[in-house]
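Next, two complexes with chain A in common: one pairs it with chain B, the other with chain C.
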Partner chain A sequence: MKSTEDRILLAHGSGGRLSHELVQKSLVPSWSNPVLNRLDDAAVFKLSGRLAFTTDSYVVSPIFFPGGDIGKLSICGTVNDLAMCGAQPLYFSVALIIEEGFRLAELERIVTSIKEATEEAGVEIVTGDTKVVPRGSADKLFINTAGVGLIPEGVDISGSNARPGDKILLSGTIGEHGLAVMSQRESLEFKIPIQSDCAPLNKLVVDMLAASPEIHCLRDPTRGGLATTLNELATQSKVGMRIDEENIPLQEAVRATCELLGFDPLYVANEGKLVAILPPTDAERVLNQMRQNCYGREGAIIGEVVEQHPGRVVMRTRLGTSRLIDMLSGDLLPRIC
Partner chain B sequence: MKFIDEYCNVELSQRLVERIRHKSAREVRLMEFCGGHTHAILRYGIRQLLPPTVEMLSGPGCPVCVTANADLDKAIALSGLPGVILASFGDMLRIPGSYSSLQKAKAEGADIRIVYSAMDALRLARENPHRSIIFLGIGFEATAPTIAASILEAEGERIDNYYVFSIHKLCPPVIRALLQSGEVKLDGIVCPGHVSAIIGSQPYEFIAKEYGIACAVAGFEPLDILLSIDMLLAQIESGKPEVEIAYRRGVRPEGNLRAQEIMGQVFETCPATWRGIGEVPQSGLRLRQEYQRFDTEKAFYVDPGPPREARGCLCGDILRGVKWPSDCRLFGQVCTPEHPVGPCMVSSEGSCAAYYQYQSHEAALSK
Partner chain C sequence: MKSTEDRILLAHGSGGRLSHELVQKSLVPSWSNPVLNRLDDAAVFKLSGRLAFTTDSYVVSPIFFPGGDIGKLSICGTVNDLAMCGAQPLYFSVALIIEEGFRLAELERIVTSIKEATEEAGVEIVTGDTKVVPRGSADKLFINTAGVGLIPEGVDISGSNARPGDKILLSGTIGEHGLAVMSQRESLEFKIPIQSDCAPLNKLVVDMLAASPEIHCLRDPTRGGLATTLNELATQSKVGMRIDEENIPLQEAVRATCELLGFDPLYVANEGKLVAILPPTDAERVLNQMRQNCYGREGAIIGEVVEQHPGRVVMRTRLGTSRLIDMLSGDLLPRIC
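The block that comes next holds the complex of A and B.
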């Protein structure tokens, strides 16, 4: 373990001795696997079948938040992007952009949480990159990950596959990640018992596909929240959607915090939830299977796909009235009175 | 959830709706003063529950919306001064001023921080002793006391880098100005909830006495609002206008005396300019002589240039209740939450934002 004062220097990114030391002492041992350990210019491996490939950059601030950190997020986010195409995620790249002066001890915490997330998801980091930029050129640490996965035979999942009559499933309570991160931001610190839901959902998807290979759409409602995801799916599939406010799972703490701050939980980000759209005949079966998985325990059927009002999502409120659920516009900002 | 579910109870709301339908004998026009009420009414679809005889009109109760461009321009100019950190409630950032917005100023390099309360801004002052922290003091009587408290705290701790740009506004004087103009005919007013928690219900007495208009103070949950409408109809039908409280858990007739005291200690009333309404006497708050060292007006000089109004924007008329968002030719076409022309499309309490978000496609939904 390094002393708490050890920091990343520009030389750690120079490509010279310090760079090698950083990679070989701090990164490779933690993420070790045969493909990575060769340390060639590119990862070499065999894959055959239908591939899914995705990339995402992670710039969350602060980098440590209740329930996770930027490292865990950078693996789970990319795992989930692959899983939402029905793919089994396999091989990952991780690129770190580190601000000069970043504490080595913090880097090691993040490297460890990346390792734990890859182990849970069952994926391997096979290639990577490290850059150090002068102080002020980045905010502590940015991470880019890319991943490839294999799509099993017979699986055809796309945002444009929703059909009228389909049921809409949600894997659990919404809004936790957004509020957990927001609660830590400078000048907005408030104490709330809310943890980020950040989690890899690929095994949940495997379970759900085992219950029904007929799943039409899967999507994780991250930035923009559930409302934005449903709008995207409705637009892509050219169908309408009706959801029931009463059936949307919500933690009390999230609801109370949203009331207080003037947020609508439908628009708050999640990092460990998914929306599934599938034929009504399979809905109960998939829901039961979902609830067996630790990441789907509070899953619920929240609505259905309709022919009317294509591209629009309508919610039946708790009062029995109905209201349009639009996409998020702009940033989520607190209200003032 | 405690204290929320109870006020969203479906059975109780149905019973209230029945009562309202039963009571409603003729066409009445009610104004919900607060933008918070407008949003709750649209968010819960309360208009769908009301009989067609009850018309609900939005009032000027959105502090961000009624902020005049001249004041907004000044805030933007202040944010550009060297060494300044401007602390603001998030709602203000996207409001278009005459030439720019705080959001654009931030992108261009101004140090603008979003805070949830004046106390957060005061913390910034403690943490950044070599910078000047300007808090954008905006809001009605509901926010002014905490801002007054932050000034008292700053004084107690001898913090000398904390300033407040006070563009606070007061509700009763503007209601008087609206009624005096005679532009809108009203039968009843749903009076502010949070504001009344501070000032109480007594300051609205003149509305019933002098103008013969029914008043009910309401909270922001569906049952609160339905109850206030029920009270208003009862007053109207009996021909006995008065000020009732449909928000007993939050509001007492005399209000919060301690908060009023702090507010009065730090602030004094002054004329204020409201968007769409113009200058209203006694409707603003400025720092008293003893606290002027915290006043940006005294500590900084900026000249943002003459204010301009966006062409075609009806925000002013909408704030006075004489036009609907749908009357505006820009609404939903040129002016959207992504590309707002006027503040009513941006603020979480703005009428246009509420109508756009919850209702603009009602025709499509009724198919």
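The block that comes next holds the complex of A and C.
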């Protein structure tokens, strides 16, 4: 029988001695900073101005996938939610729900991924929580992160700010994250050369805002894909949108896999892409700046905001026809993030 | 066969149409406020000063128990973590991980509990997230909350601030939450007249700070109970502690149930109690103020901080002997919060 010492026990979540050891040996040293290290009930820091605050739980399955894992995802996803308000992400919480029996070696890999992602994004983990539930009461590991950021003066980004005439920019190719995760599901029998695009986009947003502070909307097309994100923005801003299929960047492997499986890449999740909506006068300048950043190299102008058909998104297909692009209904791929 | 319409489906977590309907029909109307209602990727608000930031995931089983439910707990627990830094809790996130098949009627009860707890504590839910996992991948419902609060000028509370000579105050009777939850476990065959003490303590803390801004430490003895909390504070502050068993408030039903089951109430979780450590000159004044508040009526001075045996807690028992009170080791009652 294998030793239980390399696995998470219920007592690791009891709040007692093993909980303290787990936190102090496995978590705090890797994420160390003066605010976290105080280990009080809450983190304390000084901050003044317009703050952005967001949270997401990550339940992706499997927890390791090409291009990332649940740890990297849990930082990048929340960094991106803050960046989509134009905020500089600063302080993060990380809360783990671990299934009894989870391997400590896997936890260590994920703790390291989290550390690397925070370093790339320039954020600090300042508070956290660990719960352990009995075997069968959760699937391996769920992570919640919440983040606090600061919005620079003069930035006013919201999903309700799109105006007719604005251009719609997309920072790169779509559909990789969803397919990369799906390709690892146990039931799937083929392997595809697709990596998740999981990445922190806050520095790309800083670059774009330097090129034009007049960016009206930013959003990352995660669950529900590009189609759902554009519908959300059209609804919130009470405008219509027209996009061109031939301008939407797409990797050949993604196109082929979607065709094979009957998926529409417009509905497949991304974790390292953003949609930006801004005045036409600034569009080329922002696009050029975007393309200088490693996460925006394949950026493109994919369409524009119109007065007609408010709340609806229409796509001109490669065949020249028009197609109404609805929000995702049903669930294409569960547990993608 | 029962209709699936009154249950949570995987598609409620897809990010698509059903997710939007769930958020806009079942969550936002109940928790409505101008910041939340914008529904951008992050909440935006102005705030300046020393902020406190904390998170906890709640995995309590069962999700309904005498005196509360997972919703009330998820607000009170995080309110209390902020209050234990002396902060005024302000802005909250709520992230749900729901098992496919969960009843919408139960979700509604919990959403209402959350609303009532936020109203009592005076906090606002400004951002959130909903994930759905397939049946068997989680146990009914897990909730994560994170909270942001503001620390008033002149308040400096930390687990490392206890000084020899300080008095140790406890706001009331111990052990109710743990026993109340345990009494609902399916395997248990008896019922006990014990309700969870689950409550928001932020207003009690405001009252106590009004009586003395010199409070050195505050902590709520949750997982691991009073014994573990005192050990944490003794370790963080590098001091010893002496407490008197006969001064620790205890309900007769809790005493009897613990005796029957072989539990030590010092290790049983509380969700509406706090420990305060402060200079002896202010102890009676703070105690009197505490007793005016409905959550501090049975407050008591239970011991003092000493120079000797740093990091250790010693209790004088009712029999007059001395007993070393260690931190909880192992897990007394899993999934208590």
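One rule holds for everything that comes next: the second predicted complex is superposed on the first by the 326 of 337 C-alpha atoms of A that agree within 3 Å, B and C clash if a C-alpha of one lies under 4 Å from a C-alpha of the other, contacts with A are read in each partner's own complex, and residues count from 1 in each chain.
Operating definition for what follows: a residue touches a chain if its C-beta (ideal position, glycine included) is under 8 Å from a C-beta of that chain, and two chains touch if they have at least 3 such contacts.
All of these numbers come straight from a predicted model, not from anything done at the bench.
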Kindly classify A:329 by the partners it touches after superposition: chain B alone (first), chain C alone (second), both, or neither? both
If you stack the two complexes on chain A, which partner ends up touching A:54: first (chain B), second (chain C), both, or neither? second
Should A:314 be classified as contacting the first partner (chain B), the second (chain C), both, or neither? first
Max touched-residue count on chain A (chain B vs chain C) belongs to chain C
If we overlay the two complexes on their shared chain A, which of chain B and chain C does A:262 touch? Say first, second, both or neither. first
Applying the touch criterion given at the start, work out whether A:16 contacts chain B, chain C, both or neither, answering first, second, both or neither. second
Please identify the positions on chain A that touch both chain B and chain C, taking each partner from its own complex. 329-331, 334-335
Contacting residues of chain A [partner chain B, same complex]: 186-190, 252, 255-256, 259, 261-262, 308-309, 312, 314, 317-324, 326, 329-331, 333-337
In their complex, what parts of chain C are in touch with chain A? 9-11, 13-20, 38-59, 61, 80-82, 84-85, 87, 91, 93-97, 126-129, 131-134, 136-139, 142, 144, 146-149, 151, 158-160, 219-220, 222-224, 228, 232, 236, 267, 269, 327-332, 334-335
Please give the residue numbers of chain B that touch chain A in the complex, ascending. 1, 4, 8, 10, 13-14, 36, 42-46, 48-49, 63-64, 87, 89-94, 113-116, 120-121, 123-124, 138-140, 142-143, 194-195, 222, 336-338, 346, 348-349, 356-362, 364-365, 367
